[in-house]
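Note that the chains take the letters A, B, C and D in the order they are written out, and that residue 1 is the start of every chain.
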Amino acid sequence: MTSKIKIAIFGGSGYGGSELLRILLFHPNAEISLVTASEQAGKAVGDVHRNLNGLTDLHFAKAPASMEELPDVDVAFFALPHGQALSLVPDLPSGVKVIDLSGDFRINDPQVFKKFYKLEHTATRMQERFVYGLTETNREAISKAQYVANPGCFATATLLALGPMVKSGLLNGKIVVDAKTGSSGSGAKAAANTHHPQRSNSFYAYKPFTHQHVPEIEQHLREMGAFDNEFIFMTHSLPVSRGIFASCYLETSLNMTNEDLAHLYNDLYEDSFFIRMVEGSPDINWVKNTNFCDIAFHSNGKQIVVFSAIDNLVKGAAGQAVQNMNLMFGLEEKTGLVFPGGNP
Amino acid sequence: MTSKIKIAIFGGSGYGGSELLRILLFHPNAEISLVTASEQAGKAVGDVHRNLNGLTDLHFAKAPASMEELPDVDVAFFALPHGQALSLVPDLPSGVKVIDLSGDFRINDPQVFKKFYKLEHTATRMQERFVYGLTETNREAISKAQYVANPGCFATATLLALGPMVKSGLLNGKIVVDAKTGSSGSGAKAAANTHHPQRSNSFYAYKPFTHQHVPEIEQHLREMGAFDNEFIFMTHSLPVSRGIFASCYLETSLNMTNEDLAHLYNDLYEDSFFIRMVEGSPDINWVKNTNFCDIAFHSNGKQIVVFSAIDNLVKGAAGQAVQNMNLMFGLEEKTGLVFPGGNP
Amino acid sequence: MTSKIKIAIFGGSGYGGSELLRILLFHPNAEISLVTASEQAGKAVGDVHRNLNGLTDLHFAKAPASMEELPDVDVAFFALPHGQALSLVPDLPSGVKVIDLSGDFRINDPQVFKKFYKLEHTATRMQERFVYGLTETNREAISKAQYVANPGCFATATLLALGPMVKSGLLNGKIVVDAKTGSSGSGAKAAANTHHPQRSNSFYAYKPFTHQHVPEIEQHLREMGAFDNEFIFMTHSLPVSRGIFASCYLETSLNMTNEDLAHLYNDLYEDSFFIRMVEGSPDINWVKNTNFCDIAFHSNGKQIVVFSAIDNLVKGAAGQAVQNMNLMFGLEEKTGLVFPGGNP
Amino acid sequence: MTSKIKIAIFGGSGYGGSELLRILLFHPNAEISLVTASEQAGKAVGDVHRNLNGLTDLHFAKAPASMEELPDVDVAFFALPHGQALSLVPDLPSGVKVIDLSGDFRINDPQVFKKFYKLEHTATRMQERFVYGLTETNREAISKAQYVANPGCFATATLLALGPMVKSGLLNGKIVVDAKTGSSGSGAKAAANTHHPQRSNSFYAYKPFTHQHVPEIEQHLREMGAFDNEFIFMTHSLPVSRGIFASCYLETSLNMTNEDLAHLYNDLYEDSFFIRMVEGSPDINWVKNTNFCDIAFHSNGKQIVVFSAIDNLVKGAAGQAVQNMNLMFGLEEKTGLVFPGGNP
């Protein structure tokens, strides 16, 4: 590419927006034309996200009053609270590509959307044009898409762990996914459930049987294979800042060895730079601040457990969004995303 | 009671022993006659366990060279690494009661014991006299017992969550238990898996399909009801000091409501002071430093999830041991154990 | 005592009130007649402070519309935000004793009060009757007092460390106190500075040269000895829930050895159960959840460093308040306060 | 530069070596020819430092039996325990540049070295050729040096905070530095002071008046200006993985305003990309994983406080080492070091 991709970020003050900025400011093919943040409009990005202090002269802008005032951009990222992209995306100039990090365009069925998000889906036409952005399982569609619905953080960890098993056609019976997230998953605004004195010694479950990522996961499982299994999904809160860990309990119709599993996972992921198969167990410590998803699996006859770990804000949000942008603009998938986390 | 219970603690320098001391020093009917700690022999307890500084004049002693040198005690607690109580208990004077916090006497089948503990069981006769010390489900037997095998921490959290369901006879199909523990579960000695720089940002699984608490749990499930379900148990490490949280995924043969579940749990636990039914989810934050086990459950037709939270060192070890001692000596079960944790 | 002390707690929903409840519910001479919490009125205490679930049937009440509606109590604790006790205390029935945990009655000079608390002092008459409640240095006055201003958490840690040195008359030159607090010092309400994702990896300073505990500390230093030294006091935020650690840098007019220092500290504190002299350094880990203040000191010629550690919510607030209550009612000072923290 | 700098790293398995690898693997002008780690020899770097899994094919090698077997390299980094570089550096081939991250070559006076490191200095000739590697205050000498002694982590934070004040010639009287470090400062091996159950709720002081960074700091303060002030330096342990925070208490001979201070700091650091002046206070959260040093200062007449925050493993070790390498090879100082930390 000779010229850079011109980018607008809607919603730059939250953690998703913050991580988009952290990545895109150092992306060799990216140029940020606009980053909005209503409450922080006018402030320097480095004064709000103090990790970026000294690394950019960008300032937050108000969202344009109408999309006609939008500067000429190639792609718009939406990192807004659920429900806002829904009304903004339809008004974008026609050629602009869209990557939405919210849940607004992940669910195809408006009834299901309404049930889980408590919102009327007001852009169902638009919805049909959205492609689900789980990069490793949906590359071709993403490459050709104008509109990408970036997966939820829990959905990413779960679907990457389950993908090879669902595609194998060997799943039998109930699937149980016990998922845990760090506190940054609750966003950048202080709230009772992220009050440090309490959260720092807490572990608890929330939203039993009702998490909004369930329909998103089930929908994509059906897209990947013949999936009609009972699916139990449970979310828990970890006393760390970053990281999602999913423990997936499966059953297969045939006895399987670890070698059998290795074949399935390698088949699907052998060209996927960001999927790392690890021994024993992944650890959120080794993926933090990175776009990697670490996966381990163990068989015991027909009983299978698969573990996956990601950084909820990177592979679970901004990193995967940029990975999708790369595909949508014909760049190598990992451009701008090959950076390690620290040790320790 | 007019006189106090005279107590020996074998293994007072680890976390189990430390918590026994913390509780028994303030127990109105207890008197500690001996506390051993080979490496710390001669040192003041308050210099080793600095939380007890100023609260006791006790000193650690060497283990007696032979049990004939043992002072006259009513009960001996064993808080030693696995394998040591096995050779010490048979030599005790005949009238002394025993509460063993290790895994040495929890497994009835010596073959199973050997498989999971990598040790020959050298006291199988003795084994027959041991009663499993899960207080809430085994009160009568414990009350009459001379020898009690105190449950493992994971086993306690899991069995208290599953007890009412197993007793109901309504369980159907596979049981999945996803369990998480704080770092104090690894003991008081520094090791790679508890190295702070790494552990403080970690979450990972360990010992898939092979944890030594599995046979202990299955054995007691069979004692409680008609249990022959597939049982999947997985352990994970939390980046906190104290706490165990178990997420138990069950299926019933009939549709159940939350009210149905409430009946089952209340039936079994209505007289159990240390079991608290809570809304939504328990949180390890609210049981830390206490002998409580908090439980919540949710139904979705035939799919059931039960959450339990305990302090691994109290209800999961020393607290339950003292609770058993109370029963064995005819005291009220909660004597010396009614203390709250802090908020936050 | 034959009858129990009847107690009202104004402000029971914050951390100070929560810890008062945790302590007083188990105090052998205490009976809680009223605990107010405007936002939580009507709720069970154990539903709000879930550590107390199952341990009390108390419910929160609204503050009485007028003090005439106050039930018959012997003592009222005030654990309200700064500025509220100021208007409530003057209206109390005349015989009721008062222990105020806020800053409202700690500063004798209304001008200084106004400067640091940004409030007009509206009860200056009342102020004259208040005694400063640093138990170990002010026992006699507290024993006879009707009104006690309970010290701030930073002030407690600092004054207990400096007391023996100020009383010695040997201090020379500038005093520097570098103080650090856990996040619970910010109270029970969520706020930006206690947002877990950020706070859990943070350490920073705040309020340089302007902390409101400075005048309180200086005032009591002058009460204790001939103090006119330059006094530099700096507050910092620790990424833990509980604990204050003060590092105090002093200079003496004569060379001093550690033995000399030991004499000074023992002279003042030999009968003080809650002051523990320790080797090397105190550690907030060993005082958490307790009323202890651990102190260590080191000399290097005329340069002296003194370290102190307390639990900000116990010795730094509710614990010391109860210690003062004990004195005011002729009880042994440590009644209801002899409980250890956990290890680890 | 047309060709890459060929690099040997002695001691690649500790945290210093790990961070050197993390940085140099992505440095545009660097090529790692050798990385030694005696215990891990033969293992893949990505299997030991699991954050680098998938990012390099490097393997650890044994240290060469003799320096004649050393591959042709341009520079050797030493990230070994104290005392080892001392015997290795003199045997290096003559043209090889050296950057030593240990304390072996930081102290000019062998008597002082012996006192603080408990070791005989066996390479005093070599010592004379070493330049102190505090980049921002010693650029010219570093640019021309063949041998650089990379500063200690505490020394870096302290000296960068004090530099402008010492150079101003306005310091008067005693200097107190209260410094705090994260647990990674203790290295990659598990030890009692980094045992997670305890460390995670701890804050304590250590090595009062005797820390080995004191002579290093005093020596460089004298190199920077007319320094003969009393210097009190105290180290403390924080319950976080990464970060050093130094609170420096100073006195000036004249009254100073914050503007006066700003002039001093800007004069010295205006061309220093990695020094960021911040409002209020720096926070270790905002420098973690980066080479930045954030500084804030406040005046109150003649009393001055300066706060500085760094990542102990980056600006306090590996990052500054690479910064020095850049200068020694004529590269732009910030090459390979311009990466942000995360938010949160």
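FYI, a residue touches a chain if its C-beta (ideal position, glycine included) is under 8 Å from a C-beta of that chain, and two chains touch if they have at least 3 such contacts.
Worth saying up front: this structure is predicted, and the values here are computed from it rather than measured.
Looking at which positions face the partner, chain B and chain D present mostly the same ones, since more than half of the interface numbers are shared. In terms of the distance between Cα centroids, chain A is separated most widely from C. Between A-C and C-D, more C-beta contact pairs are found at C-D. Centres computed as Cα averages put chain B at a distance of 37 Å from chain C. Averaging C-alpha coordinates per chain places the centre of chain A 46 Å away from that of chain C.
Computed from the mean C-alpha positions, the centre of chain C lies at a distance of 40 Å from the centre of chain D. Chain contacts: chain C has residues 15, 184, 188, 195, 197-198, 200-201, 239-242, 283, 288, 344 touching two or more partner chains. Interface residues of chain A, counted against chain D in their complex, comprise 15, 18-19, 22, 25-26, 49-55, 184, 188, 241-242, 273, 276, 278, 283, 286, 288-290, 292, 294, 313, 338-344.
Across the complex, chain B is touched by residues 15, 182-184, 186, 188-192, 194-201, 239-242 of chain D. Interface residues of chain C facing chain D in the complex, by the touch rule stated above, are 173-174, 176, 178, 180, 195, 197-198, 200-206, 208-209, 230, 232, 234, 236, 238-243, 245, 247, 249, 251, 280-285, 288, 296, 298, 300, 303, 305, 307, 309, 344.
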